[in-house]
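Order as written gives the chain letters A, B, C and D; numbering starts at 1 within each chain.
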Amino acid sequence: MFNSFGNILKLTTFGESHGTAIGGIIDGFPAGIKVDFEAIQNELDRRKPGQSKIVTQRKEPDTVEFMSGIFEGVTTGTSIGFIIKNTNQKSKDYNHNTDVYRPSHADYTYDKKYGIRDHRGGGRTSARETANWVVAGALAKQLISHIEINAFTSSVGEVFMVKPYQDLDFTKTETNIVRCPDEATAEQMIEKIHEIRKAGDTIGGTITCVAQNVPIGLGEPIFNKLHAQLGQAMLSINAVKGFEFGSGFCGAKMRGSEHNDAFLADGTTQSNLSGGIQGGISNGMDIYFRVAFKPVATIMQHQETINAAGEATSIQGRGRHDPCVVPRAVPIVEAMTALVLADFYLLNKMRRTQ
Amino acid sequence: MFNSFGNILKLTTFGESHGTAIGGIIDGFPAGIKVDFEAIQNELDRRKPGQSKIVTQRKEPDTVEFMSGIFEGVTTGTSIGFIIKNTNQKSKDYNHNTDVYRPSHADYTYDKKYGIRDHRGGGRTSARETANWVVAGALAKQLISHIEINAFTSSVGEVFMVKPYQDLDFTKTETNIVRCPDEATAEQMIEKIHEIRKAGDTIGGTITCVAQNVPIGLGEPIFNKLHAQLGQAMLSINAVKGFEFGSGFCGAKMRGSEHNDAFLADGTTQSNLSGGIQGGISNGMDIYFRVAFKPVATIMQHQETINAAGEATSIQGRGRHDPCVVPRAVPIVEAMTALVLADFYLLNKMRRTQ
Amino acid sequence: MFNSFGNILKLTTFGESHGTAIGGIIDGFPAGIKVDFEAIQNELDRRKPGQSKIVTQRKEPDTVEFMSGIFEGVTTGTSIGFIIKNTNQKSKDYNHNTDVYRPSHADYTYDKKYGIRDHRGGGRTSARETANWVVAGALAKQLISHIEINAFTSSVGEVFMVKPYQDLDFTKTETNIVRCPDEATAEQMIEKIHEIRKAGDTIGGTITCVAQNVPIGLGEPIFNKLHAQLGQAMLSINAVKGFEFGSGFCGAKMRGSEHNDAFLADGTTQSNLSGGIQGGISNGMDIYFRVAFKPVATIMQHQETINAAGEATSIQGRGRHDPCVVPRAVPIVEAMTALVLADFYLLNKMRRTQ
Amino acid sequence: MFNSFGNILKLTTFGESHGTAIGGIIDGFPAGIKVDFEAIQNELDRRKPGQSKIVTQRKEPDTVEFMSGIFEGVTTGTSIGFIIKNTNQKSKDYNHNTDVYRPSHADYTYDKKYGIRDHRGGGRTSARETANWVVAGALAKQLISHIEINAFTSSVGEVFMVKPYQDLDFTKTETNIVRCPDEATAEQMIEKIHEIRKAGDTIGGTITCVAQNVPIGLGEPIFNKLHAQLGQAMLSINAVKGFEFGSGFCGAKMRGSEHNDAFLADGTTQSNLSGGIQGGISNGMDIYFRVAFKPVATIMQHQETINAAGEATSIQGRGRHDPCVVPRAVPIVEAMTALVLADFYLLNKMRRTQ
């Protein structure tokens, strides 16, 4: 239950950043789906380190090997096991951290919780885990291929995408390394990240995700509301500090007469401040939400901290880390969105009789 | 799975606003806990309608009846069944809505999903369901009585509590009807709600929740991160549009060198921008988060909409509704927080050997 | 998880024999099913005490009250809450047992596990709990009304039904109080139970259950095999000591050349020693299995035992108990079978694409 | 949920007999356990093909590779991923079966359920899957090392172990290839299997399992009764047709006055016909149960059957198969028993407060 996600389409994962491999098992995937392996690899490539100058220079080929559940290119309905080998685990980079707690990392909490610490690159806490999610999400996308899911970088520090998503051309997201579909804003963002990296620092940002052509009726009413499950999915991603959908935190300042989302004659709604979800269930309008990422904790600067013995000491980042996590997190946000929607899509098949 | 919450301490619920009763089953509650029934009723009273001039005037005594799992005032370790009778269900208030979809309500999505609609006060979508959660949360609080959980109204519309929570005296939260522990801000909020109600309108707001004395080590690393579970819990509450913890959306604008939360010699951290959670696991510092509520959808104004046949029509709210949901949601936020923390508290007992 | 049964169609229950009520929540039941309440009550009547001379004379009307999930006689897709009030709880009958452990009852294990004991009629361990299952099973039957489920008493002590089930007329099961569709055997069984009761003793027996018109494909391959889930369901019933399906324990003595179940041209199989299940999945043939019940532990005879202080003492049954549990267990076996089949029926809807 | 087993200590698996590897993820295993890798390999060797003359001559080294969750030989509390490579998959042996349904195999049901068939050695239905269980069970044994679990072959066809288990020396189980701790009976069993194999036939049998030094209080009262979970575990093993514990099917013939299991002054019981479990919870006495295995379906004889087109055809087994599955199933029964007991052992840690 701790390393699993989903109700019916369930992903269970394992793996430490610096072990031999990470991997997972996808359970509940229906039979008879032709798998597009290239599309899966493509998603992994969008997430992988070393892909551009503004991300970590750690190089991992991130090649997924499927070991079951697919026969002659088609899913069989049985559990899909896969691994991604770790090929470039420079554990030596981390040896100096053996007993020092890095600020804003999970070293301290893991050590206290488990009484044991895998200090190699954060062990299980490493964001490398999310490569597993991208594999599962890429498969999920193929199950719900009628739904379009597009995430993009909507802010880096104080540089914001100010245009509404309706004015953007999502086919442009991949044309730049920061994954912002607006060229001018993308340039500013990239410049900001370069500046931050030179300072040995890191910076936060936000990702906006839009799901379109979502069928009406996805989501369960009480504790599996569509947006609650999306929220949990996003808050599971490393470095995420907040989630809002539709009107979000702005909605908290509004009046009902402004906020209400009037129905038009064709069943669509006027403002879609609802964000495509009403009462936890999709209403057929665009689903959109925003995810906040804090700055990466590993900075190339001197920091005061303590070690496992509780003694004051200091630390300076030396591994290969991202100055801003957001560009590489775009495919992760999409993958988790796909997993949530595919899960509810399958659940919905049981909802009505006949 | 759809009407259940929690991993080990599991709440399963049922009930429509206008049926004979709502209720639930709490499973996994340990044996041997002496139950303070008055404390439970007290929490229900904080949530109940009709408690003050700024909430709905619908009157429900909201008395919980426990039917199992407690013997001679002590929990037995078996499942705890309870009901809360609905005594004041004026279904007639709702008869005019039989086939009209109320804007920003879940009428439309339920009808499309289930092919059937219980139009009496929203059926299962009614926030009356949250009375069940308050019962379970009040019991959970008694299980983790060493942890202090305090929520309060931190904004109503544009009226914000500007003081940091550290400067507040939580014993003052219940001294005013809006549940803001700062007297001056509370007055402004109450005034704002009165003004909104007179206009036949509604308004959104936010609640901040602080959990103190939380043991180190609560939360599971990957998909049951403490903040992800809190996020899902909060996003399950009716009208919630956003969740952020620690630095939240502000953290997305910051640099790593500003944001990092340095360890002090005693194991505490300096800024607690982490919000008491690192890598999904509590670090012993205060946990704090903020929840955004949209304005209540039922307004006493004329609105254009459609009916089940897709014909344009109009609607005007007539039932007894809240102008601002936030004051009554404060005990709900606390209850769900208690459920999440108690669940992880129990889970943690199995984490280590010996 | 402890008081819940089922994957998708999930029953969660509560209740002690001598509390105010027992009850449950059925989650995952699809919308749009017209409920036959009389059929549900009829199943409860088959299980209820006091129905004939060979069962306990305790009288409980066992009337179920549905509190949610059904609107105007049709299921709404939301959780179905129900209670059955306890009206005849003579706790005084049990007061003498306060600290004595009754042999072959669960008094000792509950006391040791939970450190607390609800001595009133066994508390949660009472078979009264199974009335909840009968309600849920009766609803499940209505969901899969194309499947015919027939259980019957196949032995009482050494009195066995020797005819194969194919030679029986299931419409005769309810024509006698022991629920054996063969008149002559039924008479012998009834006589045996009378004799046993007069001796202040109790006796074991077996129930055979046959499910016909089961669609091909129910069951999941590895850990939710159809027969494994049926086995767990049956072993959850009080007093059950064994489960076998198809050739069962006899199959363990056979050779492959005798046991193999050859396919005929129409897709049916020759011997059906498989019991309608191959590799955990239904093959469309009759599913049949047998369940062993030990004799009821409460006998009207003097027995040596110990009390909570570990002192030797003696006990003599005084409450109102069944001399043989099997006749009343027939509807329970059917109910649990219906729950398992309905659960897999719903799961199967998601198995294939398109 | 379909390929997972356990509540808290959860095993999720994948893999087809003739893919590149099988494997699994063990979730919920506590931190701080020193792993004895040799003991794990030893259990795999007990299960592996080719180990003696009375089992299939297919050769698989069955070497497990752990990929996560263990650091410097000690469990870390995170999920444990492992694979076992398939090195000897002679798919050609199976090519002739492409569209023929083998009698008493799962070819037909899988094909009908999933609409796709992996005909290579049965795909996911192959008992090779149980190697995964042996790995997980061997780890579970190390978690509950104070409990002794001993299974043995108690019958092969009509050759029965007639001595009660109390008269056996379990250290002798591994001294012969059929895994029966009584030398004389073992010889008869081996002779029987040789005879059957020469005839190109197969034969069924039973395994008895005994768990000793089980703490009082394992098991959950209603739907997770200890024996119900053991039953489900055993019925998940390929070829199992029945399960009984304690007095089992014999108990169904007994009277209460014979069957009741009187408490002695020291809290032990006299007859232990209860099989160490009362009300679903362990009472500290020996737990013992018996599992029935049908004969292996693949025989080296000519059999009539049909193909996917529904045409009559015939088949003759050609792969390398076991004449009797029971000797190799002994470690599987022990492994699943260990998983069930370890799961309840962890669950029990949360049962009481303090």
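Basically, a contact is a pair of C-beta atoms (placed from the backbone, for glycine too) under 8 Å apart; a residue touches a chain by one contact, two chains touch by 3 or more.
Only a predicted model underlies this, so the values are computations on that prediction, with no experimental measurement involved.
Participant: Applying the document's contact definition, name the chain pair with more C-beta pairs in contact, A-B or B-D.
Facilitator: A-B
Participant: For chain B and chain C, what's the span in angstrom between their mean Cα positions?
Facilitator: So the centroids are 39 Å from each other.
Participant: What whole-number Å value describes the gap between the mean CA coordinates of chain A and chain B?
Facilitator: So the centroids are 26 Å from each other.
Participant: Let me have the rounded angstrom distance from the C-alpha centre of chain B over to the C-alpha centre of chain D, please.
Facilitator: Roughly 46 Å, centre to centre.
Participant: Residues touching two or more other chains, restricted to chain B: which are they?
Facilitator: Expected reply: 1-4, 8, 13, 28, 31-32, 77-79, 113-115, 124, 221-222, 351-352.
Participant: Should the pattern of chain-chain touching be classed as line, ring, star, complete or other?
Facilitator: complete
Participant: Along chain B, where are the residues that touch chain C in the complex?
Facilitator: For this pair, the touching residues of chain B are 1-4, 8, 10, 12-16, 19-25, 27-28, 31-32, 65, 67-69, 71, 74-81, 83, 113-116, 118, 123-124.
Participant: Mind pulling up the chain D residues that touch chain B in the complex?
Facilitator: Of all residues in chain D, those touching chain B are 8, 28, 30-33, 77-79, 143, 221-222, 346-347, 349-354.
Participant: Mind pulling up the chain C residues that touch chain D in the complex?
Facilitator: That would be residues 1-5, 7, 13, 101, 103-106, 108-110, 112-115, 124-125, 129, 155, 157-158, 196, 201-206, 216-217, 219-225, 227-229, 231-232, 235-236, 241-249, 251-267, 269, 273-275, 277-283, 292-299, 301, 303-306, 310-312, 348, 351-352 of chain C.
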